[in-house]
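The chains carry the letters A, B, C and D, assigned in the order they are written, with residues numbered from 1 in each.
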Amino acid sequence: MKTILTGVSALALTASMAFAQSTITIGDQLEPPYLDPTAGAAGAIDNVVYANIYEGLTRFASDGSIIPGLAASWDISDDGLTYTFHLHDGVKFHDGSDMTASDVVWSLNRARAEDSTNAQKGLFAGIADVSAPDDTTVVVTLDAPNGGFLFNMAWGDAVILNEGDDIEALKTHPNGTGAFMFENWVQGDSITITRNDNYWGTPAKLEGATFKYISDPTAAFAAMMAGDVDAFPVFPAPENLPQFDADPRFNVIIGSTEGETILSTNNAMPPLDNPKVREAVSHAIDRNAIIDGAMFGYGTPIGSHFAPHHPAYIDLTGESAYDPDLARSLLAEAGFPDGFTTTLKLPPPAYARRGGEIIAAQLRAVGIETEVTNLEWADWLEQVFHGGDYGFTIVSHTEPMDFGIYANPDYYFHYDSPEYQALMEKLTAETDPAVRTELMQDAQRMLAADDVNGFLFELAKTGVANAKVMGLWENAPTQATDLTAVYWAE
Amino acid sequence: MSILSISGLNLTIGTVPILRDVSLSARAGEILAVIGESGSGKSMTAYCVNQLLPRGAVATGQVRFDGQDMLALDERALCTLRGADIGMVFQEPMTALNPVQTIGAQVAETVLIHTGKSKAEALRIARDTLNRCGLPAAQFPLDKYPHELSGGQRQRVVIAMAIALRPKLLIADEPTTALDVTTQAQILDLLKGLVKQDNMAMMLISHDLGVVADVADHIAIMRKGEVVESGPTAQIFAEMNHPYTRALFEASNHIPDREAPAVDAPILSVKNLVRDYLLPRKSLFGPAPKFRAVNGVSFELKRGESLGLVGESGCGKSTLTRAILGLEAIQGGEIVINGHRIGAGQFVPRELRRQMQVVFQDPYGSFNPRHKVARLVTEPFHLLSDPPSGAARKAAIDKALTEVGMHPDDADKFIHEFSGGQRQRIAIARALIIEPELIILDEAVSALDVSIRAQILDLLADLSDRLNLSYLFISHDLSVVRAITDRVLVMKSGEFVEVGDTGRVFTDPQHPYTRALIEAAPILEITP
Amino acid sequence: MMRAFKMPGFLIGFILAGIFVLAAAVSFFWTPDAVDTVDIVNKLHVPDAKNWFGTDHFGRDIFSMIMVGARTSIAVAIVAVGIGMGLGVPLGLAAAARKGSILDEVIMRTNDLIFAFPALLIAIMITAAFGASAVNAIIAIGIFNIPVFARLSRGAALSLWTRDFVLAARVAGKSPAHISFEHILPNILNLLIVQGTIQFSLGILAEAALSYVGLGAQPPTPSWGRMLAESQTMVSFAPHLALFPGMAIVLTVLGLNLMGDALRDLFDPKIRRDRA
Amino acid sequence: MLIYILKRLLSLGLSLVAASVVIFLAIEVMPGDAAQIMLGINASPDAVEALRQELGLNLSIYARYLSWVGGLLSGDFGVSYTYRVPVTEMIGDRVWLSFPMAIYALVLSTLIAFPIGIIAAAKRGSWADWLVMGGTQLGVAIPNFWFAMLAVQLLAIKYHWFSAGGFPGWENPFLAIRALTLPAFVLALPQASILARVMRSSLLDTLSEDFMRTARAKGNTRRQALVKHALRNAMIPVLTILGLQFSFLLAGAIIVEKIFFLPGIGSLIFTAISQRDLIVVESVVMLLVFAVILVTFVVDITYAVVDPRLRRKAR
């Protein structure tokens, strides 16, 4: 018995030592439902596959800029309608088949097809035609000039799949071109990927990685502390970060995300359809208290729907400074001297639940009573996002440059402004970067002036990692856990 | 020579004195009967001998068994005596055996504990002992479980466990009280025989003077923790020095004074009555089998008459009673009450029910403990369409309570404030309150001590004379039936085997079963 | 009833449970501090003279929140027991009165069916289906009290139905329903009180568990279970956040169980006989 | 005996049918749309509709029930709406965590409860009895999630005696057992307390039975009588509780698995409910109910083994 015991523990020891050097365990809160990023928008899919397994024509760099992906370079016609992509040579899918221009044509056509289940069909809406003159050239023709086209092609929803693959099978066994290959998935627990030794580009430094799904923040804390998880790129409990910071075993990585956290307001529901009331609400909110109370200080105040780290950002927080007295008088002006009652429906994340309680208290202070309801994502989607049955809700909009949603009057804010819609059309057609910046700044001002939503803060990327793990993204320009450059120190 | 001698024994449990200065002795080959009513301390005296006393019990004095002072022995020494030298038989054979072990294992256990014999040898001894106790191997193999045996058979197993190692002393604590009269006689015979064969001493504890009269060599009479009189049986019966002994004796032979019944038209007549029960299904499908509890019986009860219904447990007498009371529908025949006919499938209507009332056996279980006496005795008013209220109700309660010898003030008390005898009086008051013509007495005095029983019987006789009541008197106890009834029905297996005037049936029984019953019944017939 | 107070178990239990009932009652008109205002500046204070149990992550006074939380727990548990008793007892009595009938069979089989479902699971499903709220928590907990009381009252009633005093009432022509309420119910009341106390404490535990997983009372209503859930990530640096609500649950449940046990001893004739 | 078993089997079958209807109806009531959740908040409506078609969510309730039950009977639990893998496969992985954990907890609970329950009964009124009664009273009163929180904080994070959660799989049984020890203990504690109390009171009841006096009169010492005669008779109520506890342990696993982030049935049902993966919820609840009904059945049969009186009734 004794020999067996020592034998097993020795085995375990060597196994764990081998593990520690060349593989990594990444913690994440939400498990993806499946692994095809072109069939659903769940950010959790991109957290695993983006840049690791699947690649698109272009891709995001860690600073949010657009860099070449599978396309080594591209030419844009003068009218801005034709994009010619030159693909890398010798790119192979994980199953060994070659990645050619026809795969790109097939992938883009599939995404924009009538029956496509791509969650971001809008990204492909302006494409008139896709063709492949030869194996390494793809020509995309647009209906109208689109300044954001290269940006669109960098999204996880625009990655290139192998033509003819069984789409059903891809959901559980992805077949991409990336530096890592899918290995195993224990649903509800973890996903394992291994290095692709036939990768066309710079090979990954790690031999493999495991994504471990821990939804409970306490469990996440315990798992980090116990060393079961090496890194938690988005750690769910900001209150624990000081402890990690104080511990030399860990690095706390604070960066920016594309997540504008807003008090979404139902612009169609009285009395919130009254701009005065919305203005009162925005002055009733103390952003700093929310960032401090809900996020323990992590987050940047925003005054409109725009990421502060973007060059076109302008700080409009002064427009809606915390001023409860002003809020009360605005309410009185709007005809609600005694305030009113509405609903506040909160999805599961801590920023929403905690922020919601704080906002409820702040609104109560100026006379607005809110009935708080905590919802699961499912109910939130049903009641708030689709049903439009809400007064307020809090949610972080994590898609990059997603201010376009305000141009859709059917979107759950029910913000219907012809001026804003015209502005967006102009922006889409514009390709000159300087003019685009100006237009984007106009958009920010317009949203702030209309007080469409209560603009709270830009979600911080609060990551924790073992102090020896190097090369993780600091910021999150898109939802991704790019492991291609990650390695263990010494 | 005395195997057991107790002298100056005192016992307290907590702070309550149970026994005072008890002295007794028992000799080999002889039976010492200890007699007393409930609470007299007779059982505790027995438990002092083998030291199986309840928690908190402290015994002082002397208990000498076979030369040893039992009170001074430690637990280990006591364990070697118990079962080997002192056997014990208990009152309740239904619960005295471990339900999950076979009878063979339980008898053999006595042997295994005290001897170094092998299991096979122990089982052989168990077999022999069971044979001696009247449980032959053919019908009663060792692997039977207790629940497969009747009460009398189980008591034989208990006896076998007690005598397997031929102890010097056998303590039998009310060994026959829970048994039918015919079984009782057989068990007493068995015990008596075993005492002689093995030259044991036996301490027989009983509340019934009649039971022990035939078998006991010595008698000790206890009352309130003291021995009031003791001596050889014949001498006790001849002298009866102590007034309590005399009272006990008289009470158990008590015949109340009754006037001759005014024979009249029948108040109740039953013709070919049939009662069936459904039994649990034997197969998954198909009809459930039936058990015929009452099989076509007929009788008449005349106004002012007292009719006895005698039979052993399971003979169908309770079922018959329930049918007459209208609690269950009958399957055949008819019941005629005061000229109203009730046939199969019909229930007895309200107007007829009020002419009959019932008194049950258990004075403790027949009252809702949450209600006061006034509410309890007026319950039958529910049968009246216009029940008295206010002063009239009060008057009715007073009258009923006074009739049964209680005080009107008792109406405001709860039932737990009364003794068993008093409760039975209240039960009779409840039956009387709507002035019925017929009272069914279902073992109404069986649970009472003899002295109390005599008082209740007097009360019943007096009431029937004054109020011209008719009684249907149901009992397993022949002496009671003989004392108070004019005619008697003997029931066996759902049928009447003999019907006749009480005097005639007892002196000249026709049916063999009646004869067996009467012979088995312990009757004190020693004249003072 | 006064005899109960002579039993140490009952006395301790009564004091423990009493403290929390009192706290709940007092909280209706007074708490040391408001529980629905947020004061981020004063968050996570350790216990001191001003905030006896410290403050939580929103700067609210934990002592006050426990007082108001007692209200939630007690209200949920009482109503849930009420549902269980109100429906379970009549069903059990009816089943006993008609023993062996179709009604009896249906009632008892339904009970068995409910028992076959792990209780917490169903509570989670109910609240998932109808939304998380105190009312739905009450219903979920209440449903599981029904078979408990139905079984208990049926069993106790069955043994009472064989008693002579019930027979006497039948001879007096009373209907089964009449007998059930006049004779059976008062005599099983003791049992119901004992079981009620125990179900009450189980109700408090269940409410805490549901609130803990976020399916109980919704904010801003304070609830012990939710206080624990919210404090979870902070236990490592602010243990008082988890300590006090947890203790509140343990002590209340302990108090009720002690009372229940003492009452059972008091009412159980078997044990009483031992004492006599 | 055979008819007894057949009867029990028949009622087992009826219970399962009734349970399946109840579960199906209860779950169909749940609001939320699996297709929408799968595609996320920015998905286009026609994409959602396409997926609904694909998942068969557009069929009538009646048709869905029949196809679900039909599948159950043939061992095919359907395909998870969210994960697109067979439910059987998902459950299959997790059963190997949840059931061993429940059994581990049951064993722990029994190992703790039997000795202390027996000692408390045998030494009634002694300090040991008081200690057991007080301790178990506390054990019942402590909410297991609170206990788990404190235990993780102290034993896992501070002292590293146990793992704070997670499950390494059964490849290395020692690590697996180590990972399950704390959760199983947390699960077992209240159950052990209840069991010990039942054991004690059942033994006390049995000790006051007449046949115990008979056993003592035969010359058994107190201890012999307890071991040879009381224990087996006292087991019947204990068995009942043990059977009931299995269902508590399975349900309790929902919370414990959440705290210790164990990939078991409990955490599966939690995520499935929040994802509206109805087919998984239905199947898992059905499985749990089936397990409970089956355990009840086994307990019923065990009664007959323990108690010969039931054997006769059975016949």
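Assume contacts are C-beta pairs under 8 Å (C-beta built on N, C-alpha and C of every residue); 3 or more make two chains touch, one makes a residue touch a chain.
All figures in this text were calculated on a predicted structure; none of them were measured in a lab.
Asks: Kindly list the shared contact partners of chain C and chain D, in label order.
Replies: A, B
Asks: More contacting C-beta pairs: A-C or A-D?
Replies: Most contacts of the two pairs: A-D.
Asks: Starting from the mean Cα coordinates of chain A and chain D, work out the distance between those two points in Å.
Replies: Chain A and chain D have C-alpha centres separated by 39 Å.
Asks: Mind checking the centre-to-centre distance between chain A and chain C? Centres are C-alpha means, answer in whole Å.
Replies: For chain A versus chain C, the centre distance works out to 45 Å.
Asks: Hey, how far is the Cα centre of chain B from the one of chain C, in Å?
Replies: Computed value for the inter-centroid distance: 46 Å.
Asks: Residues of chain A that contact two or more other chains, please.
Replies: Chain A, residues with two or more chain partners: 216, 218, 221, 348, 376, 379.
Asks: Taking each residue of chain D in turn, which ones touch at least two of the other chains?
Replies: Correct list: 31, 149, 157, 258, 273-274.
Asks: Residue numbers in chain C touching 2 or more other chains?
Replies: Expected reply: 128, 232, 235-236.
Asks: For this structure, enumerate the chain pairs that meet the touch criterion.
Replies: A-C, A-D, B-C, B-D, C-D
Asks: Where on chain D does chain A make contact in their complex?
Replies: Residue positions touching the partner: 31-33, 36-44, 46-47, 50-51, 80, 82-85, 89-90, 93-94, 149, 152, 156-157, 160, 163-167, 172, 174-175, 258-261, 263, 267-268, 271, 273-276.
Asks: Using the touch definition from the top, list the residues of chain A that touch chain C in their complex.
Replies: 216-218, 221, 237, 239-240, 242-243, 289, 292-293, 348, 353-354, 356-358, 360-362, 364-365, 372-376, 379
Asks: Using the touch definition from the top, list the residues of chain B that touch chain C in their complex.
Replies: Per the touch definition, chain B meets chain C at residues 325, 327, 350, 353-354, 356-358, 360-362, 365-370, 379-383, 430.
Asks: Under the stated contact criterion, what part of chain D meets chain C in this complex?
Replies: Against chain C, chain D makes touches at 11, 14-15, 18-19, 22, 26-27, 29-31, 137-138, 140-143, 145-146, 149-150, 153, 157, 205, 208, 244, 247-248, 250-252, 254-255, 258, 269-270, 273-274, 281, 285, 288-289, 292-293, 296.
Asks: Residue numbers of chain C touching chain D in their complex, please.
Replies: Within the complex, chain C contacts chain D at residues 109, 112-113, 115-122, 124-126, 128-130, 201, 205, 208-209, 212-213, 225, 228, 232, 235-236, 239, 242, 246, 249-251, 253-254, 257-258, 261, 270, 274.
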